[in-house]
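What follows is a group of structures, each given as structure tokens.
Both complexes shown next keep chain A, but they swap its partner, so chain B is in the first and chain C is in the second.
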Partner chain A sequence: MKKSRFKWSNLYLILVFCFLYIPIFYLMFYAFNAGSTMNKFTGFSLAHFGELFADTRLIIILLNTFILAFLSALIATLIGTFGALFIYYVKQNRSKTLLLSLNNILMVSPDVIIGASFLILFTTLGTAVGSLNLGFITVLLSHIAFSIPIVVLMVLPKMQEMNDSMVDAARDLGASNFQVLKDIVLPVLSPGIIAGYFMAFTYSLDDFAVTFFVTGNGFTTLAVEIYSRARRGVSLEINALSTLVFLMALILVIGYYYISQDTGKNNSKGGGVK
Partner chain B sequence: MKKYNTLFAIPYFIWLVLFVIAPVILIFGYSFLDSQGHFTLANYATYFASGKYLMMTFNSVWYAFLITLVTLIVSYPTAYFLTKLKHRDLWLLLIILPTWINMLLKAYAFIGIFGLHGSINHFLQFFGLAPHQFLFTDVGFMVVAMYIQLPFMIIPIFNGLEELDNSLIRASRDLGANAWQTFTKVIFPLSLEGVKSGVQAVFIPSLSFFMITRLIGGNRVITLGTAIEEHFLVTQNWGMGSTIGVVLIIAMFIVMALTSERKKGGKR
Partner chain C sequence: MKQPIISFKHVVKCYDDDVPVLKDITFDIEEGKFYTLLGPSGCGKTTILRMIAGFSEPTKGDIFFEGQRINEVPANKRQVNTVFQDYALFPHMNVYDNIAFGLKIKKMPRDVIDQKVKEALKMVQLAGYEKRGINEMSGGQRQRVAIARAIVNEPKVLLLDEPLSALDHKLRLAMQYELRELQQRLGITFIFVTHDQEEALAMSDEIFVLDNGNIVQTGSPVDIYDEPINHYVADFIGESNIIEGIMLRDNLVKFAGKEFECVDEGIRENEPVEVVLRPEDLDLTDVDHGKLKVTVDTVLFRGVHYEIICHDEVQNEWMVHTTKKAEPGSLIGLYFDPEDIHVMRFNESEAEFDARLDSYEG
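Coming up: the complex of A and B.
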């Protein structure tokens, strides 16, 4: 009895994994199609990869997307880490809960709302300050903004693991604030900080809706570009691109796996979802 | 330390004020403005008076409900079986991997799969069925939405099930419960937290998808998200867009209240 049920469960899992991966492999398979549609495989060819690498516009957009993710994750990690430090040291329970709920608002808001409200914010600021053109800066600010809460959520549990008497001991032994931060606090937090950076990075790479709202004419990210191309119809260049994206995601996931092996199993990509 | 902290936390507070509190106030404020920028209640009047908007809201909630339900039905056994596997960390990683691929690319894949000459129809024809248009239908929209959301449902349920204390299951078996009783009386109630966060993670985005409705749903399915996008970026009627945004925020709070209700008296 037990044995046969075990097999059924495996069959079920295989089906689910097929459902999850067939579309992705389907995309990658047609990247090698000699023809130009996703309907019929007419022969093996690398032509679409050639097209992709010759398409400087797309390559620049790809670079922009990565620079944006790199920068926004970096700044969000800095701000978020100090935010988490502050929240940890808030003594009053009520203000702590309030701070945490405020922190989580952007985590649970649908991205259309984030995008629309940021668009209003930037135009309001624009009229107040003078001129704030929609473009790289507004997209960068938005990405930083929606990445901060996840960093806080990744760093805060590490603070709770920290032994407070260590800080007191360092203080008694004459360490300055900076030394306490550098030698005691940051080493304890570093797994959380790295995990937070990683999450912020992927949030930025994955975002479409917010960028779509707050970007102007001059600046595009990969997701927005794919959207506008996909609306015009199928182009196998996108398939070639997704093959590369998949390989990159694979590398990132393996990297994340090794990091999360260090930080413990509880910080997998659960909970917060945009 | 404290003073030091406060100094470095200043950017965090600027962020709180500028990007959390101000946008919420602005979107509420704009919902009371007409296109000239004067105070008005007309947006809300239009929303409630014209059946169009109410119908759209209802449809959107209904689609989100169906998507969440089907995702849950598929995910629960998946998460449950995953916890029984040997290298579950690795398998879980394989569930996470698709979430790292931009969802636009995933939606794009379905344009090929669903097309009239696409693979699904080749498959149907193989069994002698007539080709059927999946692209630009609501079924197509729901399949794609489900596909994108599936990992976000599986992961929290998996985490919930993994936290479950095995000795409770053994105790229940020792006390004479059969496998089904153990499942319904012990395992499922204890994994409910995971289910709730999964429902939260799937339902709210399902209300607000707009690119899938455009790419896959043709303009047939209009969710709250599509309506907001249209009012903000196409017709430039920010007031009405904000009003629908406020409705979406309220819907979000209802969902969150429903799914986190029991946490207060809960486990910890």
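Coming up: the complex of A and C.
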């Protein structure tokens, strides 16, 4: 009886997801087109993928983008985790709220503003120091900067979940500050840290505006490259690339799902003995 | 007397606002005994424990451990371990790793750690639970893991911060026996913090009764129960009838409009006092044989005894615990021996109280 019941909520969900995914699938569909435009599907072919792999410039950009995301997320996670720790241990409530608000403002302020401000900073620094060229380093620095608030936001709730008397207990058992951090605090925070890393990674991966501002001649990321190629008229090579990136994102999401499930299991089952 | 293992000398503790949580506390803890800090919440008992553990420092005064001043020694350098109220077990480690934590920090060899963890688990009756996760265990089991994690380090003093308060009644009683037995087997000093007077009476060698940042009375459970120093202690520990009276002379006290023989001495003649009579010391009898004539108001069945509330001719209320039954509204007699009466002076300090008791009890 219940199964056949029509539900508005289901229809709603289906429509929303269609709206969100149809453009992507449409784009992916034409990646397999034998023709060279998106006007008409003339037959199945992997030719565009072939073109893509032959295009070394694009492959290098792809690699650069991933290296950038990997590094910026790593450094942002390090800085952000300790930032969350310090914010948590700020005693005065007012300064704590202030710090958190400052953190959140960075989260909501538009990328264009962040990008423009970094551009101004880097060019000023460049004229002052004289050796700061816009390129990989400047992009990396700005990506780290806009990822840190995300990591703080993911780690801080875990910190609040953590029982303070656990820290007392560890100290009571003889642990130094460093051992408390290494053996108690970081393991307890790890789900938040992992989530923060993945968020920072994806933010870096799909950032366009900030990168567009602060990159120079020698270095571009995928988002910027696709944008500039799309302005010249989209070649189906881009469709092929997007398909691959989408699949990669899918794998990442699945991977994250399994990692979070695993840590959840560890929490409740205790894992094995070392 | 041996050198005390822990001494507090005029310790004062204030938190951010300048209201002292502890007001000039001085006491000694001897080795190998079971101590209880007893008092209502907010009396400062947990603050004392945290200062012994090293989680907070006294604002004034000194703390000594085996004669050494330890005010500024951090928690991880002290030879005491704590069992926390919420256990504070590490959820990302199994039972073995939780218990081995302190030993691993001390860099003991693996086989020694294995051996000690096994012994500790056996001691708290959890042998074979090494690989369990913390979240798979019941409250009572977690409690035992927390105790094992502390005693495996062989501390000189074990601190227990209301460790039984989260357990149900039956389990709590069982754990009281186990803790007492464990303390006697290990021979180390236990300092137990609780607001539950039954726990304190059942387990301790020595009880410190605290009120509002002061130690009000120190003594064995029997001393404190039979000879409470003042109204507060008498009321807090056990049930009691506290009646105002006048000490006519040594061994004679007047209350409820009559004169009674008692065994208290050293109080000025005609001094106003308070008299304590424990409900279980009062016996029901007929009106002619009773020392007091009372009318029964209510009778409550409590399982092991009846709790009878009655009032005398001058409207003092009396609580009686007895196995005999009485009818509400009836007139009965209450009988008690001179030894059952305990007389308390107003505002007597503990030193004066002890000196007075020593003077006639010998």
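Operating definition for what follows: the second predicted complex is superposed on the first by the 247 of 274 C-alpha atoms of A that agree within 3 Å, B and C clash if a C-alpha of one lies under 4 Å from a C-alpha of the other, contacts with A are read in each partner's own complex, and residues count from 1 in each chain.
Just so we're on the same page, a residue touches a chain if its C-beta (ideal position, glycine included) is under 8 Å from a C-beta of that chain, and two chains touch if they have at least 3 such contacts.
Remember, predicted model here, so these are calculated numbers, not experimental data.
**Student:** Between chain B (first) and chain C (second), which, if any, makes contact with A:F70: first, second, both or neither?
**Tutor:** neither
**Student:** Report for A:Q179: first if it touches chain B alone, second if chain C alone, otherwise both or neither.
**Tutor:** Touch status of A:Q179: second partner only.
**Student:** Tell me the contact category for A:Y12 with respect to chain B and chain C: first, second, both or neither.
**Tutor:** first
**Student:** Check whether chain B or chain C contacts more residues of chain A in the superposed model.
**Tutor:** Chain A has more residues touched by B than by the other partner.
**Student:** Applying the touch criterion given at the start, work out whether A:M166 contacts chain B, chain C, both or neither, answering first, second, both or neither.
**Tutor:** second
**Student:** Which of the two partners, first being chain B and second being chain C, lies in contact with A:P187: first, second, both, or neither?
**Tutor:** Touch status of A:P187: second partner only.
**Student:** Which holds for A:F136: it touches chain B only (first), chain C only (second), both, or neither?
**Tutor:** neither
**Student:** So which positions on chain A get touched by both chain B and chain C?
**Tutor:** In the superposed arrangement, which is not itself an observed complex, chain A uses residues 171, 266, 268-274 for both chain B and chain C.
**Student:** Could you pull out which chain C residues touch chain A in their complex?
**Tutor:** 53-55, 74-77, 80-82, 84-86, 88-97, 101-102, 105-106, 130-136, 149-150, 153
**Student:** Name, in rising order, each residue of chain B that touches chain A in their complex.
**Tutor:** Interface residues on chain B, with respect to chain A: 1-2, 4-6, 8-9, 11-12, 15-16, 18-24, 26-27, 30, 74, 77-78, 81-82, 84-85, 89, 91-113, 115, 117-119, 147, 150-152, 155-156, 158-159, 197, 200-201, 204-205, 207-208, 210-211, 214-215, 224-225, 228-229, 232-233, 238, 241-242, 245, 248-249, 252, 256.
**Student:** Please name which positions on chain A make contact with chain C in the complex.
**Tutor:** My answer: residues 163, 165-166, 168-176, 179, 183-184, 187-188, 266-274.
**Student:** Once bound in the complex, which stretches of chain A touch chain B?
**Tutor:** Listed in rising order, the residues are 6, 9-10, 12-13, 16-17, 19-21, 23-24, 26-27, 30, 37-40, 78-80, 82-83, 85-86, 89, 102-103, 105-106, 108-114, 116-121, 124, 141, 144-145, 148, 167, 171, 177, 180-181, 202, 205-206, 208-209, 212-213, 222-223, 226-227, 230-231, 234, 238, 241-242, 245-246, 249-250, 252-253, 257, 261, 265-266, 268-274.
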